[in-house]
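Here is the structure we will look at.
Going in written order, the chains are labelled A, B, C and D, and every chain counts its residues from 1.
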Amino acid sequence: MTAATVSPSRSRQALGRWKLPIGVVIALVVAYALLYGGVIYQSHVLSIPTTAAKALDQAQQQMINALTIGAIYALIALGYTMVYGIIELINFAHGDVFMCGSFVSWWLLTTLGFSGAISNPVLLTVVLILAFAVSMVVMGVVGVVIERVAYRPLRNAPRLAPLITAIGVSFILQNIVFVVVSNSLINSPQILPNPIIRFGPISIREINLFVIVLAVALMIALQAFITRTRLGRAMRSTAIDREAAQLMGVDINTTIALTFFIGSALAGAAGVVQGLYFGITVFNIGFQAGLKAFTAAVLGGIGNTTGAALGGFVIGYLEVLSSVYGYGQWSEAAVFGTLVLVLVFRPTGILGQQTADRA
Amino acid sequence: MTAGTDVAGTTTSAGDAPAILHAEGVTKRFGGLVAVRNVSFDIPEGSIVSLIGPNGAGKTTFFNVIAGLIDPSEGFISFLGERMVARSVRAWAEPFFWLAPSVVAAVVGIGLGSVGSRVGLDVAVLAAVLLLIVSLLTAIVRPPWYVRLLIRAGVFRSAKPNEVVNRGISRTFQNIRLFQNMTALENVLVGMHSRMRANLIDSAFRLRRHRREETEMREEGRRWLAYVGLEGRDDALARNLPYGDQRRLEIARALASHPRLLLLDEPTAGMNPVETSHMTALFGQIRSELGITILLIEHDMRVVMGVSDRVTVLDHGETIAEGTPEVVRANPLVIEAYLGKGAAS
Amino acid sequence: MTSMLASNPTIREARSFLRRHQSLSILISVGIIAALLPIVATVPPFSGFGNQRDFVGGFADAGVFVLLALGLNVVVGLAGLLDLGYAAFFAIGAYTFAYSASGYTGLDVPFWPMLLVGAFVAAMFGILLGAPTLRLRGDYLAIVTLGFGEIVPVVFLNASAFTNGTNGITGISQPNLYGLFGIHGFGFTNPWLYYFTVFGIIMLTTMILYRLQDSRIGRAWVAIREDELAAASMGINTVTTKLLAFAIGASTSGLAGVFYASKLATVTPDQFGFTVSFTALSMVVLGGMGNIWGVSVGAFVIYEIQSQGLKQLNNLVQTARLPTLHLGPVTIDWATINFLNYQYLLYGLALVLMMLLRPEGLFPSRRRREELHEVDIEPSEIEPSEIGPGALGGEP
Amino acid sequence: MKAIRLGALAMGSVLAFSACSSAATPSPSASGSAAPSSAASGGGLAVKIGIELPMSGGEAPNGVPAANGVALALSQIQVPGFTITINQQDDAVNGVHNANQGAKNMQTLANDPSTLFVVGPYNSNVAQAEIPVSNAAGLMQCSPANTAVSLTKGAAAVALRATNPSQIAYVRVATTDDNQGAGGADIAYNLVGAHSAYVLDDTQTYGVGLVAGFTAAFKALGGTIVGSASPPDTTTDFTSYVTTIQGLNPPYVFFGGVTTSGLGLFRKQMAQQGIANIPFGGGDGISDGSAATTSTFLNIAGPAGDVSTYSTVAAIHDIPNPTAFSSAYKAMFNTDPGGYSAPAYACAQVFLQALKAVGTGVTDLATLRSKIRAYVADPANKYDTVLGTVGFDANGDTTQHTISYYKFDPTTKDWAFVKQRDFVADPIPGLATTP
């Protein structure tokens, strides 16, 4: 069996049923504290007095920022980690699938003639569902096509071949959009109204809430699919041992295609979210986002969906943290520095099984 | 005893004959499954010892432990009286040794910078980078003093395959793992890698050491090919050799590193009786002519009975019998393991 | 079939002759090429694209990419490691020279020794990056190098205290022959000097790389690429060997960086983005991984296509005044197409098609052809958790 | 400069239109630029004017309108005794400006004896690579767009002229970032009345230089910088920066950078987090056209680009007869002028006047080239251009130090001219302005 597996149960095995939630809570608290420290630090450096209440408020808002961007990274990271888990391929094109997804939703919403927020809740819901459905399906299909055309023929070739192909595909997608659609930033309609919602002490904007909840929901759905359904089991068995799975009557090609479909669909969803949250898209957002998402996947333990989600949030948090402490221009360095350190001290990532690589 | 002494401690062979390799209570678990359970045995110098057992007995796992591919869960293996393979202790701590010096330098640098010494800062930054490079290289080359330092700090890292080879153990694989797209001679030359000394500079500028070594080694390589019966096939690609020859080439490649102990993993698997007998003859030859100790894995008892001095039988990861072939053959447990319950009676 | 060739006596003769007089033959052939190129530039149709000096200047720049490709070939082609942050070492080499020979630091170290220093510094950083990551599974290397390639420009951009930030370092001094052949500073107007310099560098690099390729180290690289586990079990320290490949690749890149910096006389962080790494990778892949001649030619051809071919294609199409096509809804007005915009698209397509149809590249190395066309699953390098009871094809 | 990606507009009347409108079809205008000009002037000595700009990929919107400006100038102005054609070079590689390509192009132009003058480049780091070449070759180049101070002033500039330290071979019609930064500070302190400000830069040459200029001037005026940040130009998520600013709640935010670095997005996210009321200022990098045009700052900032958004343009606003130029341009290329069409046109005018002045009777191209360089480099000479009267000081910087101020006008959804200020005639007290 390979270290890379789509099964979440292993991580539970490694951590114990309750360690994960507890760990998450502790991590949240620590993260919050660090942000608070950052705010205080800044006001100290700029010698602008601030009150504890104000600082707490700030830290909370920054936490929300981190969770939101983290959610987007997490959604992309899931696709990476699933594909890696099942065919051990770094699908460099995945980031650009995400980019295409954002363009699909942009195209849909603009052709439907929406530009700003939709006040009518019913219409809003319908449009949202439509946007996500279309973008996810289209991107899913694109993902399957990519796999069929570019990766399947190379399944038994040396490792290097599909990796290079993946890079090629990434550039093809990016430049098709660049040449055909737009070579600069374009507005994407933000159809969600943006009021502040309050839960007791916590106040959060609707868009942030929407993004976080949606991402978490999709992740839970994915977990359920992988662990509960027959196809999910097929995916896991394929990930663990392709030959054996084949012997057990699992249709490898379909399973792998399915994996690509789901992964790409999630990236498509992330694309829609990007449009709704930032209100812009551009042909080259895929590269950076994809890079960070993959870092997230490795960080969480490549092949481990829970880990990928976690990694996504960690990356998002690191970016926010670096800007909170006033070192925003170093955020990328911080992200990749962390990656290297994790690989040195815990090669299998946060939730991967602890096994040192030999040979 | 403390980790330090535990790690540092070497052992004397339990057996009466001088043991070249000594395994003590070796156990390997995978998750819940126990592949090898508490196996201890000795390989006397200059003998041919066979490790046999039905499929799933854990022979190959044990083999991989010796070869340094897997760390045992418990127990250890010492070679020539020196602990070679054992469960790694505090391996996670090692990276700290790489980072410590440069971190110190960096801290000093920040200190100097904060007191406004720009030059000091620059120098310290430079020092930090250089120190990091040096310590990383040390960690990879692992000079003795570094290993000793680690042991004193209670860090023990089990030998890696290449280190096992350098200590004088070489192996073949059950499923042939030649370098398929290299020629037969090149395969053997790779086998000699650990003995060759030419470094980057020598090779880049074709210095004498490189030239001498290359000619010598190619000469010797051809001799090895001839020894296993592959004369004249130097330039044949490994992938184009017939199955039997590939097996022989693997042995030649293993011998090329001048091992003291040769590990053969089912070397006759998939051979016809004629090839098998030739192969078996070769083992005897290697032992008698080259004085190389051999550990042989087989699940075909008939193969080993001819050549082996001692036979150890594994079943479900446990030693169920040990001794001379005759003794083992007579052992009801063995017969049962091979032929199933009731066969003994 | 190759074995047949190999066993064919005359060819073996030729091979062994080449092996014996390899360096000489490299010197001669590279020399001939260097002499021919400027002449080719003066004959139609090339003479129509620009005058000889322009071509020579272009060749000098192409030489930089040839060097990059040669170095990357060691990492990707020989050792089989995917390095996506290759431009970082290019940048490090360039900045090294910028520091040691510009008004920014006030130093003025001569160009020639700095070639070696730049190579050395780049190699050091190669080790710095490789040492912690080369112990890991191969794929991690791809992503870590990619990240590293992103970080290095960021560092040069943001560590303004050390690097003059986004303005970069200007006024870098040119190579100088101190009156040898009556030449002093190379200056900015004469491309010939740079042309010959870069070809000299390429000549030496090629020679050394060839020698390494069929040495103990070269064999170890190929062995690791073919079957890392078996290589380790034959006593090869896979980490140091891979690190060596990585460092040599980096040093070649650093060498190119030094030359580049002194030719351009200015370095800024945004010259060393991922596009450089990607271009170099395309060159190696298209040229034929593992084949020194192949990647050199590949690099040269691709660079010329990029700097000359596409432009000429534009002119051709626009002067040809092709009729506008109406394919149903799609309308293709040839005059509006700027082929320069399609460059990356072409690279991407080329990479994919190459891998699918002709993975050994346009100019394959014998070994790579064998390897990349085998259909059976090659023994994948051992994964940590792969070592189960009876891993390595043992019993379940 | 990396600046002014989509162009600072020299004329209020043209301000509404953006270079981006020609983005869709870069090459027809690019190729078209050569055709009419060669047809233009009558017989005589055949000479060339070089154009060295990014013409392909994402940067076509920067280079093409400028190149068209030159072509327009050649078609309108004749120099008796000379046939002037264009030697067109493109410094974009893979659609991104490339310093090495720029230097190579400059050598190509220098190697062509009939090329007497070069218009370009567009980006500062390309200029850094080209100035040593043009300086060594004695070929005068005129940049319509570079505003980085270090190109003409200070030790760095001297290093660029290493080959012939005494000889100026690079002039520009755009004024430098320190003046433009001063303009931004002037707006913040005097127009808005903010006595403290939060500054951001996009880590790129233009943004950093602009913020440096702003900071110096703002402090000279007596203001304080409450904080600063440098989000990389690849940033899409500015929320954390916005939140920080929200906490500090400064009376003014100045962001040095260009629309493609995400300034519009930043403004949009300020609104999203409910602090659009904080006045926002930027340089000509954001005055790239009305909200009606895709990909402009105002277009991306959306409704957020509200009444309190300001920008400056490193060029004079009141120029002689603005409409004539834009209509002539539209007539020739049936698209509206880009931000740098007029400055490029002005560069061409400089060349043509120089040619008129020194060209008569000279047949040796080398002499002609050096004469023209000397003429343009001479601070004594003044030129009557589309930008008004222009001259170059000892460093090659334009003597036109006028900065125009613009403010977002919610009714027209476009920039509206506020005022302009000449920072030589009317400098900020206590601030050492150029020259």
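Basically, contacts are C-beta pairs under 8 Å (C-beta built on N, C-alpha and C of every residue); 3 or more make two chains touch, one makes a residue touch a chain.
Values in this document were obtained by computation on a predicted structure and should not be read as measured data.
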item	value
Fewest touching-chain hops separating subunit A from subunit D	1
Chain nearest the overall Cα centroid	C
Which of A-C and A-B has more C-beta pairs touching across its chains	A-C
Whole-Å gap between the CA centroids of subunit A and subunit C	33
Separation of mean Cα positions, subunit B and subunit A [Å, integer]	42
Computed distance of Cα centres, subunit D from subunit B, in Å	68
Gap in Å, rounded to a whole number, between the CA centres of subunit C and subunit B	37
Shared interface positions of subunit B, touching two or more other chains	69-70, 95, 160-161
Residue list for subunit C, restricted to those that touch at least two other chains	132, 154, 157-158, 229, 232-233, 238, 341, 344, 371, 378, 382, 387-388
Shared interface positions of subunit D, touching two or more other chains	57, 60, 95, 203, 230, 232
Every chain pair in contact, whichever chains are involved	A-B, A-C, A-D, B-C, C-D
Contacting residues of subunit A [partner subunit D, same complex]	39, 42-43, 46, 48, 50, 54-55, 57-58, 61-62, 65-66, 68-69, 116, 178, 182-187, 194, 196, 205, 207, 274, 278-280, 285, 288, 319-320, 323-324, 326, 328-329, 331-332
Complex contacts: residues of subunit C adjacent to subunit D	50-51, 53-54, 57-58, 61, 102-104, 154, 157-158, 165-168, 170-171, 173, 187-189, 191, 260, 263-266, 268, 270-271, 275, 279, 306-307, 311, 314, 318, 335-338, 340-341, 343-344
Subunit B contact footprint on subunit C (complex, rising order)	2-3, 6-7, 12, 23, 124, 127-128, 131-132, 162, 208, 211-212, 215-220, 222-223, 226-227, 229-240, 243-244, 248, 367, 370-371, 374, 378-379, 382, 387-396
Subunit C-facing residues of subunit B, complex	30, 33, 35, 55-61, 64, 67, 69-70, 95, 98, 122, 129-130, 132-133, 136-137, 139-141, 160-162, 165-166, 170-171, 173-175, 177-183, 186, 189-191, 193-194, 196, 198, 200, 202-206, 210, 213-214, 235-237, 239-240, 253, 257
Residue ranges of subunit A in contact with subunit B within the complex	344-346, 356, 358-359
